[in-house]
Amino acid sequence: MMLFVATLLSPLAGGLLLGWMNHSKLAARLNILTGVTTFVCSLLLALQVLADDHFDALGGWFHLDAYNVFLIVLTAFVGMTTTIFSAPYMQHELEHGRVDARRMRLYHSMFQLFQLGMLLGFTTNNIGVLWVSLELATLATVLLVSLYRTPASIAAAWKYFILCGMGIALALFGTVLIFFTSSSVLGHGNEALTWTLLLQHASELDPAVMTVAFCFLMVGYGTKVGLAPMHAWLPDAHGEGPTPVSAVLSGLLLNLALYALVRCKMLVDGATASELAGHMMMGFGMVSLLVAAFSLHQQRDIKRMFSFSSIEHMGLMTFAFGIGTQLASFAALLHMTVHSLVKSGIFFTVGHAAQAMGTQKMAQIRGLIRHHPGIGWGLLIGTAAIAGFPPFGVFTSEFLLFTAALHTHPWTCVVLLLGLLIAMAGLFRAVQPMVYGEVPEQAVPVQVNMLPVYIHFALALLLGLSIPVFLASWYDEAAALIISTSVEVTIL
Amino acid sequence: MTGSFTLQLVNGLAALMLLVSFALLAQHRILSVLHWFALQGVLLAATAGIVAWGTDNHELYISAIMTLLLKGALLPWLLWRAVMQLHVHREIEPLMNSTVTMLMALAVTLFSFHIVQPIEQMSALITRNSMAIATACMLLGMLMMITRKKAITQVVGFLAVENSLFFAAIGATNGMPLVVEIGVAFDVLIAALIFGLFFFQIRTTFDSLEVDAMQQSLREDDEA
Amino acid sequence: MNSMTLALAACAAALLPSVLMPLTPQSLRRALMCMMLFSSGVLAMAAGVLGLVQPDVATTLPLGLPWLPMHVRVDALGAFFLLVIGSLTAPVAIYSQGYLRHEPRIGVLMIFLPLFVLGMLGVVIADDAFSFMLFWELMSVSSWFLVTFEHTRAENRKAGFIYLLMAHLAGLLILGSFAVLYAAGGAFTFAAMRSAELSPLWASVAFLLAAFGFGTKAGVMPMHGWLPDAHPVAPSNASALMSGIMLKVAVFGFIRVIWDLLGSGDFQWWWGALVLAAGSSSAVSGVLFALQQHNLKRLLAYHSIENIGIILIGLGLAMLLAAFAHPLLAALGLIAALYHTINHAQFKGLLFMGAGAVLHSTGSRDMESMGALIHRMPVTAACFLVACISISALPPFNGFVSEWLTFQTALMAPQLGGAMLTAIVPFSAAMLALAGALAATCFVKVFGVVFLGHARSEAAANAHEVDAWMKLGMIIPAIFCALLGLLPVVFIPLLDAVPVALLHISLADAVHGQGWLWLAPIDASHASYSAPLALAGMLLLGGLAWWWLHPAGGRIRKGPMWSCGNPHVHARMQYNATSFSQPLRRIFQGVLQADEHVHTERPVHALLTRHVRHAVHVGDPAVKWLYQPLGALTLKLARHLHQAHQSSIHAWLGWTFATILLLLAVFT
Amino acid sequence: MKAVLFQLLQALLLVVLAPLAAGFVATCKARLQNRRGAGLLQPWRNLRKLFGKEVVLAAHASWIFRVAPYVVFTATVMAASVVPALLVSTPLSLTADVIALVALLALARFFLALAGMDIGTAFGGMGASREMTFSALAEPAMLMSVFVLSLGAHSTNLTTMISHTLDTPLVLQPSIAFALVAMLMIALAENGRIPVDNPTTHLELTMVHEAMILEYSGRHLALMEWAAMIKLLLFATLILDLFFPWGMATDAGLMAMLLALLCWLLKLAVLLLLLAVCETSLAKLRLFEVPEFLSTAFVLAFLGLLIHYMLEVSL
C-alpha cells in the first residue's frame, strides 16, 4: 500500500518540485532521481503483486493485477532510462539555444506529470478515471511537443491536440455509454464504472449498447494508439517534439491507450459473447500495419520514419489482442514490452545521431558508423531488432503472433507477411545509407550517453534468447486475464 | 412524483440543445458562435439542475454549478478575450458552403437517431430519450471542427463536443460519478487554457489563425 | 563422447570469437578467429561422421521460449550437413589466416563470420521450429553484415539491401510453412510436426511456402536475383562459405521440412514435378548467364544457381519417384542430390578461394584484365583446375559421380502415370546434360582466360603466388574433390543413413554389391562406373605413351609461337571472356536478351576503320521482370500515402468522423 | 580372364586400326572425287613421321599444353577400350557405361580446348570457343538418343544394351530409327566431319578442331591426330554396337571371334563408306547453322523418346 502511494507520489512530487527548479543541471539530476525512485518503488510493488496475485488499493479505486503491474514496471523503467538519456541530450539543446531555462523547467515538470498520468492510468480501477488520466498524459505531452516553439512544432502540437482531443472525446462518449448501461445494473455510483465489478457483471450489460460503446472507444482510444486512419498526429508529434518525448510517446503513451482499449474489449467480449470487438481490432490492426509499412518508404525525416514504425507495431499488437487467444495475447504482451524497449532505445540513438549530424533529414545523415561507431551500431542493431530479426525479442513475439494468427484466421497471415516484409524493406532502405558510407562534412562530435540504449537492447536480446520463467508466467497470467472466451480455433 | 414533468423539461432542453448545435454550425461570425456556445453551457447547467432536482441527486447540484461557472461563463469569456485580443472577430469563411453543411448535419442527426433509438429502449431511466440527441449534438460538434478553417472555431467545436458528452452524461444517465465529473471538468479547463496559450503562439508565428497555414509549415518542414 | 557433444562444441567454438572480440587486441584477432573457426569446422566434421554412423542424439538447451526450451538433435540428415559445413569451414578458416592478413577492420569480421557459421550449424541441429528460425535468421543477418562489409561502395549497399530483403522474405515464407505445421501438430517441436496429420490442401500450402522460402534462399530461378549481386561483393572467404555452404543449408531446410516434417509418405506427384522443373530451369539458365559474365566472382555466383538446380533435379526426381512409390529409386535420387551437395560445397568453395587468391594478387575481379597467371601462381592454378574439372562433371573428379547418379535415377525411372509426366524425366536429364556441357564450356573459358594465354594487364603480369596459408586452404578441398571422385563407394554408404531415415530403405548393399571398386546402383548389369579403374587405366596408358615416346622426342625446342606465321600477336588479340562466349550469346539471344553495341569509327573512308568499340550488357531477367516492377509498385503506393499524410488537419478529422460513422453503420 | 584378355586385344585392335579407318575414308572420298588418293596406309605414315620429329614449343607454353596430348590420347583410348567391338560381354566394360564414356570423351575435349587457349593465339581461342559450344549442344542430343536405347534395356551398360537388342526379336521400332539418325548427326559433329567441320582444312576462319591444334608439332601433334582417328572409329563401333549388333560373339570362342571380326569389318566398311559419300555430297554448313543442325538431332532423339513412350511401351 505505502509502496503504491509512493509509486504515484514520487512523479507528482518530482513534477511539482521541478516546476520551480531553475538550475538545469540540478534539475536533470533530480529528474533522474525521481525516475529511479519511481522505478524502484514500482519494482517492489510488482514483487508484492507477484506474491499475492492481485490487490486493490484505496478502497477499490485502484486495482493491480498481473496485466497492469508489469506495464507499470515497464513504464517506470523506460521513464527512468529516458531521464538518464535526456540529461545530456537536453543539456546539448540548452547550449545550442533551442530551449531556454524556462522551457527546461516546463520540460522537466511536464515529463514527470506525464509519468504520473501514465501510472495513474495503469493503476486505476475506474474507467472514468482511466480516461481522465489518459487525457492528463496527453495534455502534458502536448506542451512537450510544442517545446521548441518553432512553427512546425506548434503546428504539430496543434494537430496532435485537435485530433487526439476529438478522439478522446469519442472515447469519453463510449465510457458514458458503458455507464449508461451499467448504471442500470450496478446503480449510479462509482461501482458502475469500476472495472473489476463491470467485468464480473459483464454478461448482464446490454450487448447492443456495449457494441455502440465499443465503436466509440475503438475510434477514440484507437486515435491515441495511432491506428490508421486516425494516425495522422503521430508522426508529426514524434518528428517535432524533443527526442526524449518521442521516446516516451512511442514507448509508453501508445501502450496506455492500447491498454485502455483492451480493458474495454474484455468488457465488450463479456457482454456480447461474440468476436465482434476482436474482429474490429484485427481490422484496424491490419490496416495500420499496411499503411505504416508503405509509408515507411517515403519518409525524409528520421524521427517521422521511426514513428511510422511505431504505428506498424501498434497495429501488430492491436491485431494480436484482437485475435484474443492465449498464444496471441502472450505474443501481444511480449511485443508490447520489447517494442517499448527497442523503440525508445532507437529514439535515444536517433536523437544523438540528429545532434551529431545537425539535422533530422535522413538525406543528410550518412556514415554514422564511421563518424561515431556507438551511434552507428546502435542504430543498425536497433533497426535490425525492430524489423524482427533474431535473436531479439521482437522476432519471438512476431513468430508467436504469426503462428497464433494462422491458428485462428489463416488468411490474415498473407497481410501480416506482406506488411512485415514491406516494413522491413522500408526501414533498411533508409537506415543502411545512414549508418554506412562516408561521413559528411557537417558532422560534429557529440558527447553521448549510449548506456540506456544498450541496456534496452540487451533486455530485448535477453527476451529473445530466453524469457525468464517468472516473466513468462506473468505474461501467461496476464494473457489468461485478457483472453476472450468466445474464440473458436479452426483446426486445419 | 414529478418524474413526468422533469421528463418534459429535460426533453425540451434536449430539443434546445439540438437547436443550439445546429445554430453553432450555421454561424458565420465568431462572436455569435461564442454567444451560442455560452448559451449551450447555460442549457447544460440547467439540465443538470433539473435532473438533480428530479432525481434529487445532490452530487448533480455541484456539477450543475460547476458547469454553469465553467462552461456558461469562464470558457466563453476566455475565448471572447482571445478573440478580442487577436482581432479575429471578423467574418469566418467555412470550408464548404453552409447549405451543404446543413444537409450533412441533418443526415448525421438522422443517422445518430437511427443508431441510438433502439438501444435507448433498454434503459430504465426517465431521461433516456436524450441519448440520441446527445449523440447527434456530438457528431454535429465534430462536423463543426471539420468544416471550419479558423483555429478558434475548431476549439469551439471541440468544446461543443465536450458539452454534448456532458449532456449525455447528465441527460441520459443522470450524471456520472462526481469524481469523474470533476476530473473531466478539470481536463477541459486545462485544455481550454492550453488552447488559449496556443492561439497567441499560432498568431505570433503564423500571423493568422488559419489551420492550413500550420499544415503548410509542417509540410515544408518535412519536405525541406 | 557422442555426436551431440561434438556438435555443441562446434557451436561454442563458433560463438566464442564474437564474444571475445572486444577483449582481444587487434593483433591477435585474426589468429584467434581462424583458430576457432578451424576447430569449429573440424568438430563439426567429427560430429557429422559420428552422427552418420551412430543413432540420433537429442537434448534440450535452457534457451528459447519458456514452454519451449531449445531442442537440438543430431540425426542422419543433420549429421550429413554438419559434415558438409565442417568440411568447408575448416579449409576456409586456414585460408582466411592468409587472406585477411592486411585487413584493418578485422573486428567486424571476427564478430560476424563465426556468427554466420554458428547460424548454419544451429539450423542443422535445430529440432524445433523456433530455434530453427532463430538460427536461420541469425545466419541471414550475419551474412548480410559480410555482404555489406565494403559498405563505402554504393552498389555493395544496394546488393546488401536486396539480399537482406530476399532473406527476410524467405524467412517469412518458411515461418508460414512452420505455422501451418504448428497449427496441425499443435506444438513447435519437430516431433509433433512429424506426427501432424495434414489435409492434402494444407500439406500443399505448407509445401509451397517451404519450397518458395527455401528456394528463394537457395537462389532458384526466378527468385535468384539477389544472389549474383550479393555473393561477389563479400570478402572472398565469406563468399566461399556463402556459396559453398549457405545455399546448402537452404537445401537442408528444404529436405528437413518437406521430406522429414511433411513426410515422404504423402508426397503429391506435382510437388516433384514442380521441383524438377525449377531445378532444370535453374540449372540451364544459371549456366547460360554465368557464361556471359566477365566478373569472375559473379560468374561463380551464377554457377551456384546452376548447381543448386542440379541438386534440385535430383531431389525432384526422388520426390516424383517417391510419390509413385518407387522408394529404391527415390533413395538413389536423394543420394545423388546429397552427394552433389557435398561435392558442390567442395569445388565451389575452392573456386571462390581461388578467385579470392587471384583478386588478392591482381587486385581485380575482371577476367578481361587477367591471363597467364598459371606461370605466376602455379599452385593456385593447379587447385583451380581441379575445381574446374570437378564442376564440369568430368571424370575422375567428384562432380561427375553425382551427376552420373542423377542420370541413372532419371534413366531408371519407370513408367510414371501418363506419357507426359514420364517424358519430363528424361527431358530434365537432357537439360542436366546441357547444363553440364555448358559448364565445361564456361570453365574452359574461365581457366583459359584467367590462367592461360598472355597477361592482359600489368597487374596480371606482375601477379605473385599467395602465401602458404591460402595455398593450404585451397589444397585441402582439392584433395577432397579427388577423393570424393575416386572413392564414391566408400563415401556413399555413409550417406545411406539419410534415405534409411527419410524413406526407410537402404541402398548400401545395392551400391557396393560389386565390391568397393564398382559404383553400381541397383545392379551392375544396369549401370556401373569404376573411377579407380578408369583412372588407373588412364595413368597406365599415359605412362606407357610417355615412356614409349620420351626417348624418341626428348628434344624439345623452345621458340616463338607460330600462330599461322604471325608470331607478333598483341595480348589484346586473344580471345577474351566476352568473345569466347559470343557464339552461345548469339545462339541463346532469346533467353539472354543481351544488348550488344558495336561502334565503328571510319573517319576517313568507309573502308578505313580507325576504332571499333564493342560493348555487351547482359542484365538479369529476374531483376528486370520481377524485382524492379515490385519495387516500383511499392514506391508508388508509398508516394500516394505520403501525399495523403500531408493533407490538412480537416481531412484527417474527416477521416476519424467517417470511420466512426462507418463502424456504427456496420456494427449496429 | 580369357574375356579380359580378349577385351584388351580388341581395344588394341581399335587403336591400331583407327588410322586405317581414317585412311579408308580418305581413299573412298578420293575415289568418289575421281582422285587416286594417298592410299589406306597414309595416316600411319604421317603418324610415324610425326613421332620422329622434334617438338617445337612456344616459349610461354604452360604445362597444360604439354600434358594435354597425353590426356586427350589416354582418355580417348580409355573410352575406346570399354566399347565392345567383337565380344558382347566384356568384363571391363563395367568400368564405364555409355554416360561415363561420353564423359571421358568430354574430358579429352576439355583439355584439347585448354591447350588451344594456352598459347594465346586468336585461332586457339576461336577453336576452343566453337568446339566447346558445339559439343555443349551435341551432348544432350547424344544422351537423348542413348536414353531411347537404354530405356528399352533399362540399362546404360553397353553389354546389357547390346544383348538386349540381340535378344529382342527384330521388329521395326520407329523410336530406334529416330535415335539412329540423331546419333549419326551427332557422330558427324563430334568428329568434326563435314558438314559441321572440315578435318582437312587449315587456316580457314571456319575451322574448329584444327584451330586448336595449330600450335602442336612432333609427337604431341601425332597423339592429337591419332586420338581424333580413334574417336572416329570409336563412334563408328558404338553406332554399330547400339543399332546393328548382329554377328557379335556372345562367347569368347575362337571361331565366334573370327566371325565377329569379319562382320565388324564389313559393317564398318559400309558405315565409313556412307560417311565418305555424305562428306563428298554435302557442303559445309555456315557456322551458325550448326546449332540448328544439332538441335535438329536433339529434337529427333526426343521425338524418338516420346514415340517410345507413346507407342512401344504398350507393346
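We just call them A, B, C and D in the order they show up, numbering each chain from 1.
In this section, contacts are C-beta pairs under 8 Å (C-beta built on N, C-alpha and C of every residue); 3 or more make two chains touch, one makes a residue touch a chain.
Worth saying up front: this structure is predicted, and the values here are computed from it rather than measured.
Measuring from the average of all protein CA coordinates, the nearest chain centre is that of C.
With chains reduced to the mean position of their C-alpha atoms, the one farthest from chain D is B. In whole angstrom, the spacing between the mean C-alpha positions of chain B and chain D is 99.
Annotation: 30 Å between the Cα-based centres of chain A and chain B. Mean C-alpha position of chain A lies 78 Å from that of chain D.
Here the spacing of chain A and chain C, counted between their Cα centres, is 44 Å. Within chain A, the positions touching two or more other chains are listed as 158-159, 162, 166, 208, 212.
In chain C, 649, 653, 656, 664, 668 are the positions where the chain touches two or more neighbouring chains simultaneously. Within chain B, contacts with two or more other chains are made by residues 115, 118-119, 142, 145, 211, 214-215, 218, 222.
All chain pairs that count as touching, in label order, are A-B, A-C, B-C, C-D. Residues 51-64, 70-71, 73-75, 77-78, 81, 92, 94-97, 99-100, 103-104, 106-107, 109-110, 113-114, 116-126, 128-130, 132-133, 135-140, 142-144, 147, 150-151, 154-157, 159-160, 203, 214-215, 218-219, 223, 287-288, 291, 298, 302, 305-306, 309-310, 313 of chain D touch chain C in their complex. Chain A makes touch with chain C in their complex at residues 158-159, 162-163, 166-167, 170, 208, 211-212, 214-216, 218-219, 223, 229-230, 232-233, 235, 276, 280, 291, 294-299, 369, 384, 387, 389-391, 395-396, 399-400, 402-403, 405-407, 410, 413, 417, 420-422, 424-426, 428-429, 432-433, 436-438, 464-467, 469, 472-473, 491-492. Contact residues of chain B toward chain C in the complex are 95, 108, 111, 115, 118-119, 139, 142-143, 145-147, 149, 211-212, 214-215, 218-219, 222. Across the complex, chain C meets chain A through its residues 62-67, 130, 133-134, 137-138, 140-141, 148, 151-152, 154, 157, 160-161, 164-165, 168-169, 172-173, 175-176, 178-180, 182-184, 188, 198-199, 202, 634-635, 637-639, 641-642, 645, 649, 652-653, 655-656, 659-660, 663-664, 667-668. Interface residues of chain C, counted against chain B in their complex, comprise 646-650, 653-654, 656-657, 661, 664-665, 668.
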